[in-house]
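Heads up, there are several structures right after this.
Next come two complexes built around chain A: one with chain B, the other with chain C.
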Partner chain A sequence: MADRRRVNGPVGPTAPPVYNTAAHKPIAKEKADNSIRKIFLKTGVTPSASGSAYLELEDPKANSPSSTSLKLTCTVHGPRALPRSAPFSPHIILSTHVKYAPFATKQRRGYLRDSSERDLGVHLETALRGAIIADRWPKSGVDIIVTIIEGDQDRNAPENKSDEGWDMMNVLSGCITVASAAIADAGIDCVDTVAGGVAALVARQPNSPPAIVLDPAVSEYHKVFAACCVAYLPTRDEITNIWFKGQLPGADSMLYNRMVERSLVACRNANRVVITALNETVRPGKESA
Partner chain B sequence: MAQSQLQQMIAVPGQLLGPSNKYVAGPGTHIHESNLYASLLGTVAVSQPPSSTSSKPTTTAGLAKRLHRIQAVLQSPSPTDKSSNGATTLPTISVAPPSGGAVGGSNEKREVLPEVHDVVLCRVTRIAPKQATVAILVVGDAVLEAEWQGVVRVQDVRATEKDRVRIYESFRPGDIVRAQVISLGDQANYYLSTASNELGVIMATSEAGNTMYPVSWKEYKDPETGLSESRKVAKPM
Partner chain C sequence: MATTQSPLTLSSATFAKLSPHPYLLANLQPPDASTPSSRTNGRQPRQARQPNINTSSLSHAHGSAVVRTGDTTVICGVRGETLLTTDIPNYRAPDVVNPTKSDAVAEADELRDYDLLVPNIELATGCAPNFLPGVPPTTLAQTLSTRLYSLLHSSGLVDVEDLRIYHDRPEKQVPRHGDKMEEVDADEEEEDTAEVKAYWVLYIDVLFVSFDGNPFDAAWAAVLAALRDTKLPPAVWDPDHEMVLCSRKAPSSLNIRGMPVACTAAVFTAKEKQQRKGEQGQYWILVDPDRFEESLCDEALTVVVDRTLGETKVLGISKSGGTTVGPQLMWKYVTVAEERWQEFKSAL
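After this line comes the complex of A and B, so read on.
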């Protein structure tokens, strides 16, 4: 008589599945140094939130089934009443939360926010605060929650390759872009649509000279010397947040300025995606009306 | 001309709408360096001021309504106007967010906040000798998604005989009250006033649990038991 009370193993011997070798790598669509990776952006993905957006970044060298390298979802809750303990505020209180999903990166993440996630949250708050017209909403608060479903990391990279955290730059720029779309979807007054962009100083090969590239897929390069993530308001021509990391070779003093200028180009490109996505948000409503 | 194009236009935040000496900024817009920009995502609406051509005769001819209370000056005319009503002839440009029906939200997604001078509907949650605490449910025509707390202080219940007002003779928990916002108040409460004939309790239930009808400016009557209870009654409209 078989044991029906618990889940039993198979009766006979079994063999582990053997897969064929992975499908041949598709020919890498070489990304030009002065372009950013393709962005998918859609608003209104979370019905329960006041505003929401979803962002995907294309992986130009896709050899995994998903063919993406970054997946972010952002929900905006509010404007809503502040908790009773909060003091009177004549403007909106912005609170941002950035959280990696436990499976988002090669290194598994915990459920509590760690220091890097809090760091991203602070950067995101600074970037958004410059764009929001805060005094249109007195006595209210808004929560902006970004969940990183897939971090911008190469899953096939060898385990021992040191992770220097350059992918956080790309994640932050994605967070800024997706939060900007979600805020506009929520109907919170903004002076402009803020967008994030990254430029990095990289060496492609061990002996190649350093070059500035936009939106670097970190695993494609031998070494990243420095990276710069900027949040930018294109209509106003204002920068709301800037995050520079790394060491610049001392020879060229204008290198820093050039990197910031290049990241502004990346911001403008990302902003065009935001504008298109927001136009698509409104258009179906217009046709039915 | 350009206005008809504008009306079909979708605006995203930061989009240039026009110079500020040709339009008046409406909801969903902001002014930056004497230009009007959109600050919301939505469709652009340009509205001409009501009776802009016939406004002059009506203001000069006929008796103006006598002012019987102090009112805040709502719109200060722009400093560039040369004629007396130059500011009012400008069309108002505004950005209205898309109606939520298409995006999946069944009702309107747009949040509104109670502002000073708004007429709100609220439910009385708690009464105390000095004040009645209410939950604001409706602002103007818009139903709020969040509940905001408000307070009607004893001196704001009615305009006359303020020293005789008793909160428990004016409101009871559960009543629906029409009130006007007089201040954004403190950290927790909006300050409301019912000091007007049109403001006060509009729906009330008796102690027996029946819906009552108003019989005078200070009484509601239960149709089944015949007992009357005192309230600050709003004039039926």
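After this line comes the complex of A and C, so read on.
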């Protein structure tokens, strides 16, 4: 039954436009394998929330309408008292919520959360739980809400190309980074600022050997074999969450370790952006050293 | 902090939180006549927040806009999808060959009957502490969506001609000449066998990033800016594949009729016992209220005006709650809305 609390549109099925010609593939700026895309991070976008942050990733293909691909906003509400009906909790109760905007991806998203969004929410929660000093707020809860305004997908990818969900890795790492900045903006005590990073095993051309790259823009590669998203606390050198997906070719047992190590490099890079953005909030106008 | 400094006075933030209504009243009604009355946010009662509009910032939508007025930030994305006429129940082919006199009426019916415009507002993004996700749309979100929907239709903003996807019947077609199909779009008015095969459906999704009062004005401005920014690819019906095919070249903008702008004000009234002697029924019109003011006012007035053709056209007046605003006041308020229209005009 249709949801009568929203404007539902026509009864019949609607289809996204199908093009008669393939889009010419713009030539991407050459990005070094061991660097991540530029991150724009700003805190305090939602003044009425306790803490908030906005994150954008640079798009290496400069001729798209906007020069950025991934866009996320995060709001943090709390810590606040749990409702009276809730059972006693000795520590803070985190609830994370990740939602794509209807216009965020190539396929229009509905307003109800689907399984991939719930999945991202659970990963985000484990990543953050390790960073927050939860014992300082007994009997209280905090809501962390990430809205994906634009996903990390190629607009010009052909319709029939199956989407294997590799972009979810980049989205998750962005969610972790932006949520970390928003939590710090809300003034919730953390052991460290957690940051997300992705490393992937990819083949650039159909016959090229697999190589490990950081922060992969999925559409630029011929095939992605495996990807690994890590949430990392740099000063404590601790990992709070690992999400590994895909298959490693061959019997190289060290390949997995190497991928995790490479994603830690991506995390450290992202963390520097978080620190700079937070410094800017604390001391506006003054460039942090 | 404030209590340790001087235990007898409160900081204004504490005062605002403890007793919001007298706080706003004290600001609007300063004790000595020399200080002008102003709102808690420092604005004059008739002063609105300056709008700031950005378009084309999203890549997956056909048109998009970000509108900021003060701390209210709204994103609107317009996305076109195709709907085949065979999938529309009770479909009646429009008379495209001989458009009748009551064309405008028929067009509006087409848009409304087949639900070609689908506006939705999402407030549950944590944009304010009382809008948290995981709950069904609140009453406010439902009301706003419905108001957008009815204003979109009543203002006749979108031309249904832009949304029709045509096909010329095979007997008239020049046999197998690649480019012929695309030319059809341009001169379908003359083509006496053109047939509507499909429609574009515009999904208009409005997302609040930050909420600080006056949601309708901001949302409507975002919808308007996004629709003006929308470019749909040229599309034709392909009889061989039995589907709609779009081409990559030269997407065309929609013809947007006019530029209606909504202007909302809240009416703040002093309570009986707060009123000064001899001043009965004092009220203040607060144009473009913020969240704090909205929570204290029962009465709200929205006027939608359009001055594209030089003279002011009122597209809608809606008023809810309270008994203060009468016909005279509404009439005076239209001039405020005219100023607001000018502000949005320069921002767009």
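Everything below uses one rule, namely that the second predicted complex is superposed on the first by the 256 of 289 C-alpha atoms of A that agree within 3 Å, B and C clash if a C-alpha of one lies under 4 Å from a C-alpha of the other, contacts with A are read in each partner's own complex, and residues count from 1 in each chain.
Simple rule for what comes next: contacts are C-beta pairs under 8 Å (C-beta built on N, C-alpha and C of every residue); 3 or more make two chains touch, one makes a residue touch a chain.
What you see is a predicted model; the values in this text were computed from it and never measured.
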Have a look at where A:T21 lands relative to chain B and chain C in the superposition and call it first, second, both or neither. second
Which of the two partners, first being chain B and second being chain C, lies in contact with A:L82: first, second, both, or neither? first
In the overlaid three-chain picture, which partner chain does A:I275 touch, first (chain B) or second (chain C), both, or neither? first
Please work out whether A:T73 is in contact with chain B alone, chain C alone, both, or neither, and reply first, second, both or neither. second
Going by the contact rule set out at the top, does A:R5 touch chain B (first), chain C (second), both, or neither? second
On the A-aligned overlay, A:P47 touches which partner chain: chain B = first, chain C = second, or both, or neither? both
Touch test for A:T126: chain B only (first), chain C only (second), both, or neither? neither
Just chain B (first), just chain C (second), both, or neither: which does A:N34 touch? neither
Contact-wise, after the overlay, does A:T147 reach chain B, chain C, both or neither (first, second, both, neither)? second
Can you list the residues of chain A that meet both chain B and chain C? 47
Which of the residues in chain A come into contact with chain B in the complex? 44, 47, 50-51, 78-82, 84, 86-88, 131, 133, 136-140, 184-187, 189-193, 233-236, 274-275, 278-279, 281-286, 288-289
Give every residue of chain B touching chain A within the complex, in rising order. 10, 12-16, 28, 30, 32, 37, 39-43, 97-99, 101-105, 109-111, 113, 145-149, 184, 186-188
So in the complex, which bits of chain C are touching chain A? 56-61, 64, 71, 73, 75, 77-84, 87-89, 114-116, 118-120, 122, 125-129, 132-134, 136-137, 142, 145-146, 149, 201, 203, 205, 207, 209-212, 233, 235, 238, 243-248, 291
Please name which positions on chain A make contact with chain C in the complex. 5-21, 23, 45-49, 52, 64-66, 69, 71, 73, 75, 77, 97, 99, 101-106, 108, 111, 143, 145, 147, 149-151, 153, 155
